[in-house]
Amino acid sequence: MPTILGQNQYGKAENRVVKITRDGATHHIKDLNVSVALSGDMEEVHYSGSNANVLPTDTTKNTVFAFAKEHGIESAEQFGIHLARHFVTSQPAIQRARIRVEEYAWERIETSDANSKFIGADEVKHSFVRKGQETRLAQITYDGSSWEVVSGLKDLTVMNSTNSEFWGYVKDRYTTLKEAHDRILATSVSGRWRFNWTDDEQRMPNWEKSYEQVRKHMLQAFAETYSLSLQQTLYQMGSRIINNRSEIDEVRFSLPNSHHFLVDLEPFGLKNDNEVYFAADRPYGLIEGTVLRDGCEARIPVDLTNL
Amino acid sequence: MPTILGQNQYGKAENRVVKITRDGATHHIKDLNVSVALSGDMEEVHYSGSNANVLPTDTTKNTVFAFAKEHGIESAEQFGIHLARHFVTSQPAIQRARIRVEEYAWERIETSDANSKFIGADEVKHSFVRKGQETRLAQITYDGSSWEVVSGLKDLTVMNSTNSEFWGYVKDRYTTLKEAHDRILATSVSGRWRFNWTDDEQRMPNWEKSYEQVRKHMLQAFAETYSLSLQQTLYQMGSRIINNRSEIDEVRFSLPNSHHFLVDLEPFGLKNDNEVYFAADRPYGLIEGTVLRDGCEARIPVDLTNL
Amino acid sequence: MPTILGQNQYGKAENRVVKITRDGATHHIKDLNVSVALSGDMEEVHYSGSNANVLPTDTTKNTVFAFAKEHGIESAEQFGIHLARHFVTSQPAIQRARIRVEEYAWERIETSDANSKFIGADEVKHSFVRKGQETRLAQITYDGSSWEVVSGLKDLTVMNSTNSEFWGYVKDRYTTLKEAHDRILATSVSGRWRFNWTDDEQRMPNWEKSYEQVRKHMLQAFAETYSLSLQQTLYQMGSRIINNRSEIDEVRFSLPNSHHFLVDLEPFGLKNDNEVYFAADRPYGLIEGTVLRDGCEARIPVDLTNL
Amino acid sequence: MPTILGQNQYGKAENRVVKITRDGATHHIKDLNVSVALSGDMEEVHYSGSNANVLPTDTTKNTVFAFAKEHGIESAEQFGIHLARHFVTSQPAIQRARIRVEEYAWERIETSDANSKFIGADEVKHSFVRKGQETRLAQITYDGSSWEVVSGLKDLTVMNSTNSEFWGYVKDRYTTLKEAHDRILATSVSGRWRFNWTDDEQRMPNWEKSYEQVRKHMLQAFAETYSLSLQQTLYQMGSRIINNRSEIDEVRFSLPNSHHFLVDLEPFGLKNDNEVYFAADRPYGLIEGTVLRDGCEARIPVDLTNL
């Protein structure tokens, strides 16, 4: 046979599971999009179509929903750990499981004064509005002996309206850009960070707290960095996370430079004072980079985007 | 000529204008997507291609950016009023202008304790994160004598995890649905509301406050209505707005019934207690309706969605 | 009660029905997205939540799938007519039904020479590739006595690389645009056309043939018009349809002017000869208009897009 | 410093370049979306913000447009080769360039009989309609000594209405799926294939012909494989390409199993004969795999999708 099979994986993608936990009249919600990818002894299904080693993708879907009941959803990471362990340990042919999770955050709806008096509370305990800011991400991989957990987020849009410059760059025959000493810096953060928890014997991080803290440090680093280039800001964001969170060894960002071009108002007889900008769509700068704890190995793949 | 020209309009759509207002070190941001549509004596450009009456769409774009400087952006509605008035009063051939605005909300990034001490404040005054919840909408129409202002929002996703039922409906040959006495009710609100301000002689509403109040009443009505059908909830939402906001005469909603189907866990030997749901994409119920102040005429078009 | 109910409608949206017709080894496919909207005596469900007049949206979904079997899918329009008639005539409370259909076209996959010899045919009779060009649209409305059928399409992207000019327009204080005597004209056509078939007594149009012919005339008018403005092209496209297709009385287009800006190559020491363009996203001109058969009334709503 | 910089790259993404070639009255069009990513000695810009080694992303954008004039666009791959070579050889600090291209296909508009007589041709030589089927992809990477060219496509939607089965799979506690002996098999192909051309000394492949042939073999393999699993079809598709195209050593596919569920018509008193299907959105099976020429190494990254 002149062709052979390389890396392969399969499973059910984008299982939209919503879990309601009822603590008396107070309800809690977890809203996830869970994707399963399994690998192992899968030559035969590719070569001959024999499904003897194949747990159906439909079963992996059922397992996601059943586990929401059996184990609850404490966090995206913990839920993924339950699932990955299950597939690898229960199916002889499956040697590696990768669970990806998107999580959508919700907040409670505040009730009206009238209702507040009636129900004796400020919030309707079963009513929610989707937060709609970033999407939280988690990826859990298990090969039967060690764990890799990469958390992250996407679509967190941020902007500094000053404290950003760009000058002193290389100029070649095709360079027309004017140097900027006060520009808007805006991006939509896509980030991933890898935990150094790899073994059931280690103490597991507090996934929820870790996420909140990483997010906070990332936003603060963005806001507080006086930026001479988006690369510098990226490095500060990654560095700040690693310096503050000992559970994390590696961070990778993909940061579009969302250009806000100053509109030239002179043709209309108006003075420009860095006030009116055109927010452009395409093209955009795209700055991507990894920040590592010294001595650690990079494992997050280069491509977080796939054009 | 056997064919004639009917209603027509033209202009530049989706002008993405960002306005930074600098109040010392504290910056403020307005982030809009502005679309211009003009109508008037436009037969010739359609029949012969003569542009003698045509103000270029490029000029309408320039006007949007110039007006952000000349008038500032106090609110989406006020900005649209400036623009619509300008086009109708300055161009003899233009008899009607419709300005549509999408507005994206931003909130400030809280600074770190270290930086807080350093700058003596809790927030970085020039750093923002996009709120990312609903998109605010405004549509301003002017014909030279009277105004129509319709505000609104889209993509505000809400959910009640209880207090929703659906039963007692018509059953025909094609009916298989089981009655539900405790279900999830979820939707992504698309709403529009029309102001009774139509004349420069009237006192203008406080557009910013009005928006916040309408949004609040809408959310509260959603949360506090014990719902026997999404139609009932829709009517309560519209009714609550009109009863509380005297500046508004008409409300229209387009509410997808975002189905959350209870997963049947029995095949897995598990008991179901209204905990695990599958969030479905398509198809979805679509409930649309207008609520009017008694005695007022409906003017918001039926179609808020265009499949 | 100070508020009253205005126009309202409900039903199941986006039912994705695929119908395979098996003519021996040769299969045929119809791939539709069907949305149902019903109106009638629906006050009570809004005011009190009583569903006594409500045929569930789930039932309207079931009906779509059942009708694909009972009536087949001859065309999007004919299928919509079956559905609309059914809802209005079978449910006393329902007085008006509107069916919207999106149709996705498929073409056959040509087989390889080896297989061709083996199966004695050039095409695999059960294998298809989605055409992926425009999406065909149909909207059928019935009130128990008369019909309104509006067909259309969206996302048909076209371009003329010459034979387009734009000059002689109004210039005001905000005008900076240079006149153009040879530009690219490109748009993504969104069009709707209304048939004069309104009554079961009339002979029904051949919906499939009509669609193909309208599409052909529209494309040819776009290609063959020497254009002094996109409005002129729009009018020619509509006019050509009405002049060639007696079954159609009204056409409306929403045509974005998809700007292709000539890149200035002079700074790089290159000569420009109308060769290299930047295809911009936003903002874009938006030209919308109705063309009517003389003496006919306009009935297609103004808004084909909803920003 | 406890953190260090890992892999990083930067450049301008999504440059939308349209090139018109004028061969007398006959025009030709190339419509690309080009993304540039550069790597090299970029520590300083991350650590201190010094841009001394940074060619601005704006310059990389200018270069894309200038090269469309200077070199023309013979094919996506050839254009990417020109660009990658330029960045690596002209900038000392840049050691690696990766160019990604999306290409959108256009076809000519046939002219009307009347115009045909007038212009003496069946097609308007400057009028085009976008084909709208798959998007063609190319990725060119150069490190100053060797080349890697990976071509591909995405969004090519295909369906077999028979000759697909799925049975004989593993059943565990969570398995409820019924075995299928005649089902619809549908997917939206995302594929990449790597060329064994790596060196300027080798004869370069005919990129345009190669693409057409790979696409043809892929479609035919999909159509002609009697499928017991989507994995089997995937392997046949990859294998057919490698066996027929000596210039290609590796193929990777990401194939969603676009479920078409047979609608149960029995509750409506109808017989089902494999005719009416519901096309589901989420979740979906996701089958991914690499097929290699025996003896070759896999280099295409595992992740073609990034949920």
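Every chain is named by a letter (A, B, C and D) in the order it is written, and numbering of its residues begins at 1.
Going forward, a contact is a pair of C-beta atoms (placed from the backbone, for glycine too) under 8 Å apart; a residue touches a chain by one contact, two chains touch by 3 or more.
Just so it is clear, the model here is predicted, and its values are computed rather than measured.
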Inset, instruction - Return the chain pair with more inter-chain C-beta contacts, choosing between A-C and A-D. - result: A-D
Inset, instruction - Go ahead and note the Å separation of the Cα centroids belonging to subunit A and subunit D. - result: 25
Legend entry - Mean-CA-position distance for subunit C and subunit A (Å): 37
Inset, instruction - Could you check subunit D for residues that touch two or more other chains and list them? - result: 15-16, 62, 66, 174, 176, 267-268, 281-282
Legend entry - Graph class of chain-chain contacts, one of line, ring, star, complete, other: complete
Inset, instruction - Write out the stretch or stretches of subunit A touching subunit D in their complex. - result: 1-16, 33, 35, 37, 42, 45-59, 61-63, 66, 90-91, 93, 100, 102, 166-172, 174-177, 227-229, 231-232, 234-235, 238-239, 242-243, 250, 252, 256-257, 282-294, 298, 301-307
Legend entry - Residues on subunit C engaged by subunit D in the complex (per definition of touch): 15-22, 27, 29, 31, 62, 65-66, 68-70, 106, 109-112, 115, 124, 126-134, 155-163, 184, 217, 219-220, 222-224, 260, 263, 265, 267-268, 270, 272-281
Legend entry - subunit B-touching residues of subunit D, taken from the complex the two chains share: 173-174, 176, 267-269, 281-282
